[in-house]
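In what follows, a structure is listed as structure tokens, so that the remarks can point back to it.
Order of writing sets the chain letters: A, B and C. Residues in each chain are counted from 1.
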Amino acid sequence: MSQETLRKPLSPQQLASSKNRSLFSGDTRLGWLLVAPALLIVLGMVGYPFLEAIRISFTDRMIGRGPGEFVGLDNYRYIIQWPQFTEMVVRTVSFTIVAVFLKTVVGLILATALNQDFRGRNILRGVFMLPWILPTYIIVLVWRWIFDGQTGVLNQILMSWGLIDANIPFLAKTWSAIGILIFVLVWKGYPFYALTFLAGMQTIPKDLYEAAKVDGAGRLARFRYITLPGLQQVMGVVILLSTIWTMNTLEIPLLLTGGGPSNDTEVFPLLTYHLALQNFRLGEGAALPIMMLPVIALLVLGVASYMDREAIE
Amino acid sequence: MTNVFDRIPESVFRVISAAVIGILLFMIIFPLYFMLITAFKVEREIYSELTWIPLEPTIQNFYDVFYNFGIPLYLRNTLIVAGITTLIVIIVSVLASYALTRLRFPGRAGMARGVLFVYLVPSSLMLIPMYLIIVKLGLTNSYTGLVIANMSFSVPFCTWLLMGYLRSISAEMEEASLIDGCTRMLSLWYIVIPLSVPGIVTAAIFTFNNVWNEFIFALVLAQDDAHKMISVGLANFYRADFYMVGPMMAGSIIAMTPVVILYILAQRYVVSGLSAGAVKG
Amino acid sequence: MHSNIEGLSRRNFLKLSGSLTAFGVLSACAPAAAPSGSGAPDGDKSLTFWMWNTFAPGADEILQERINDWGAENGVTVEISRDSDSNQQTKIMPAIEAGTLPDAMFSSAVVALQMMEARAIAPVTDLFGEIGEAHGGWQPRLEEYATRDGEIHFLPYSIDTPMVQYRQDVLEAAGIEVPEGQWTWEQTRDLCVQAQEYSAEAGDNMVGWGFGIVSQQHDGWCHDLFRNFGANLWDETGTKIVLADESMEAATNALNFTKEAFDMGLFPADAASWDYASNNKAYQEEQSILVINAASIYVWAAENRPELAEATGLAPKPSNVLDTTNTDLRYTTVMSSEASDKETAGDLIKALYDENIYAPWLESGFVANVLQEYNALPMWEGKRGAFNLAAQIGTYPGFPAPFDNAAMSELLGPNDPHGSMMVRVLIDGWTPEEAIAESDEFAKRVFEKYF
């Protein structure tokens, strides 16, 4: 099998060539059969609740009081008039973009490094996955203690080295709080990137690198023309999904800053939690995430088209 | 043309790489070390001046965690739920991704493109409706209910991931086997799956980990001790206005050990799967 | 190729067998570790009960044990579920929606009010009477507070009595004379400034006040301050917001006062990032000279650092124009309106107030008792007695209305106007008028949903 065919999947036309056409009968039945379990799960556990939630968002439903009455766009109006709503949207989007970007960079660096052969590689891979494996709840608390403004580890270290004479309230100042939030988001999330990139890198044949080296390609060229294209599919998926997940992550902002010094880190999932889940109001609780859907969709489309553009090159 | 990356001699590059890795490693080890020593400290030392090695080391926290807080029980529950969920998700995703990439049937394109869109729906939106479904099926406080809820989070991603892997693998070998008289399913088992081992392992780890860390649904769906999950169990160390830091750290260390071990083991199979020459064909 | 297949099956096999082994090992440990479980062998009656982890793990254990004992003695299987106190709402909300609330449970007063609104809990007026009679009567004004529209839906279980807890030793060393009884807010400020200066000179760098400046109120100091300055959010009916209309001046005074204190450096540098546990931590780590908190801090100190407990002085919360100190119900007991066996559930609830369950729980905890019979417990001798006294003279939530309601519960949540106004003025640099206007509008929008 030649190198080219390994890299390019067969097109549907090639597959459907006369030699193979007879093999496609019965495909429909088999196809639907194989897809059925996944479809069932998605429609049942995601599709249906989603539709339900949309319906609820147009009512004034509260916990335990039955279906509630139709109130049209009242919930949506209430949320838009929330004083910091636009700020929150801007904030959420910008934090997400920065965090995802950093995760990608760190993920790539680490995956490249771990893709090489050296002793103890497996152990190191295991260690680098730890942030992802640890329970979010605990790790956020630990970072909180490290950055604590009164007796945090970081403050104590800086003090003992004589770098500062008063404790720095890291989490109570706007920009450092934001920075720490993004830092923890990246810390917790990059292993996912590194793991998938690594797996993707391992499907790139080593011979390609050898051939390129022989042809005189330097490190950067090898990375740009072999590694990155080989990772394209994987990167696209990971970035897309992680964008959505980062936007939706609740535990980290909740436990780390609780909305930060004076709302500076109040992001969308936190607002949903504060606004609705603590107040028994299902109507509002459904409306806010639905309102964020266009924002998420736009962001996703933005990333997707960027990845497509890269693909065409 | 040369650029900065290429002009650096190999040895220097290696040193820089090592340094970068070292820094990243430090960022990971640092909080973990802190966690570790705190787990061995007594309460009063935790709240005093920071010490890098416990002055009064104790294993009381671990003891408490084991015998007084039911952590092993929750670990068992979580292992079961995570294991079953992962198994089911992998099977479902492999089947679905194979169908969506190798077979042609009406509706395929739409489904293939739509897989990701599922994730646009925030989980906060789904909490109550999903809970109602589970309740109506009578599956609260059961492994089944937990598995069902967790499955739905992972199936779309795993399907998509495997679709990506399958697309990047040439279908020639399968076609050859089909011509030789293999059925689709056998070809799936003997050719496609071994080639996608990295993808499958990644998907499995992803799913397992998600179940392990999932909190809100675990809290809401399983309250009795026979089914409570570890994420909920650990949250119990926070009491109204005070963190029981020592036991919390001890509990987390215990909680993360199974997953870490699993991951290190799984690593080896990713490597062996590939080095057996699957890619070279 | 073959090794791949083996690799795959081996991996799966390994994972499965790994989990099974782990499962086996853990199940062996599990029975020894499982804290819950019922006592009655074949209970014809069974109940579900929810309780929450409080700051006193010992108390929770005892409670659970005694409940199981009661179950065994009375032929009832009680299935107990315990969770973190902070997860109350997340756990209860879906349960109400699905009709799966436990037969009986503890709940905070705030959540009880919301459950009452949602018609999820049953009236227990008779139980209230019976329990009161059996134990020398309820504490003053509890009946008044608990009765809504002529019925009682939640039974008080414990009273939270935040008090001023301060470093008596530091003040003494600084030569500061401490006023008797209740301090005024001005005194609180001045004394702490002096103590802070002294501490700075001594090299300890303790901070005078241990208060957080966040929207969601954790130690309630904002609310008390506003109230004692006479700045009420709502009127005596509890249905109308009067912040901007009637309380403008008083609120401005309160905000200016605090701004002055802030500029004097009385607040911790990281006050803007505090959470529920921060003031505890601050006092425990000897960073703050004065905090306002429930007895949890004192009790922790008594157990883990007796010298600190010795050095801690107690005082009622400060006064200004008004001298009300507030108190509220940390826990109430409620019964689900869908409980199938209300009588047995009622029996369990009654048993919770009996001496063999209530007294030990109180003693290992830090809250005040609701029934007068327990005033005579030995735990109330000495310093701790102050907490019990504060419970009896405290004002219940809802002031100036007779009691609180669900609208107030929602208003005083994550975006509590008291906290928000403080944040605006102290941290964001707004003028009091602007902050008051914003909070007034917000409060009105919330109340509109109810009235």
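Just so it is clear, a contact is a pair of C-beta atoms (placed from the backbone, for glycine too) under 8 Å apart; a residue touches a chain by one contact, two chains touch by 3 or more.
Just so you know, these numbers come straight off a predicted model, no measurement behind them.
J.: Quick one: do these chains touch in a line, a ring, a star, all-to-all (complete), or other?
T.: Topology of touching chains reads as complete, every chain touching all others.
J.: Check A-C against B-C and say which one is joined by more contacting C-beta pairs.
T.: B-C
J.: Subunit A to subunit B: how many Å between their CA centres?
T.: 14
J.: Just how far, in Å, is the C-alpha centre of subunit C from the one of subunit B?
T.: Whole-Å distance between the two chain centres: 36.
J.: What residues in subunit B touch two or more of the other chains?
T.: Correct list: 128, 201, 216, 235, 243.
J.: Identify all positions of subunit C at which a residue touches two or more other chains, and write them in rising order.
T.: Counting only residues that touch two or more other chains, subunit C contributes 90, 93, 97, 281, 285.
J.: Give the residues of subunit A that touch two or more other chains, as numbers and ranges in rising order.
T.: 151, 273, 277, 282
J.: Would you pull the subunit A residues touching subunit B in the complex into a rising list?
T.: 1, 5-6, 8-10, 12, 15-16, 19-20, 23-24, 27-28, 30-35, 37-39, 41-42, 44-46, 48-50, 52-53, 56, 106, 109-110, 113, 122-139, 141-143, 145-146, 151, 153, 156, 187, 192, 195-196, 199, 202-203, 205, 218-221, 223, 233-234, 237, 240-241, 244-245, 248, 250-251, 269, 272-273, 277, 282, 285-286, 289-290, 292-293, 296-297, 300
J.: Inside the complex, what are the residues of subunit A that reach subunit C?
T.: 62-65, 78, 81, 83, 148-151, 166-173, 177, 257-263, 273-275, 277-280, 282
J.: Quick one: which bits of subunit B touch subunit C in the complex? Just the residue numbers, please.
T.: 43-44, 47-48, 66-73, 75-76, 79-80, 83, 86-87, 127-128, 131-132, 135-136, 140, 190, 193-195, 197, 200-201, 204, 216, 219-220, 223-225, 232, 235-244, 258, 261-262, 265-266, 269, 272-273, 276-278
J.: Taking the complex as given, what residues does subunit C use to touch subunit B?
T.: Residues in contact with subunit B: 1, 3-5, 7-8, 10-12, 14-16, 18-19, 22-23, 26-27, 29-30, 32-37, 50, 52-55, 57, 61, 79, 81-87, 90-91, 93-94, 97-100, 218, 276-277, 279-281, 284-285, 293-294, 296, 300, 304-305.
J.: Could you please specify the touching residues of subunit B with respect to subunit A in the complex?
T.: Residue positions touching the partner: 2-3, 5-6, 13, 17, 20-21, 24-25, 27-32, 34-35, 49-50, 91-93, 95-96, 98-100, 103-108, 111, 116, 118-126, 128-130, 133, 148-149, 151-152, 155-157, 159-161, 164-165, 167-172, 175, 178-179, 184, 198-199, 201-202, 205-206, 209, 212-213, 215-216, 230-231, 234-235, 243, 245, 248-249, 252, 255-256, 259-260, 263-264, 267-268, 270-271, 274, 279-281.
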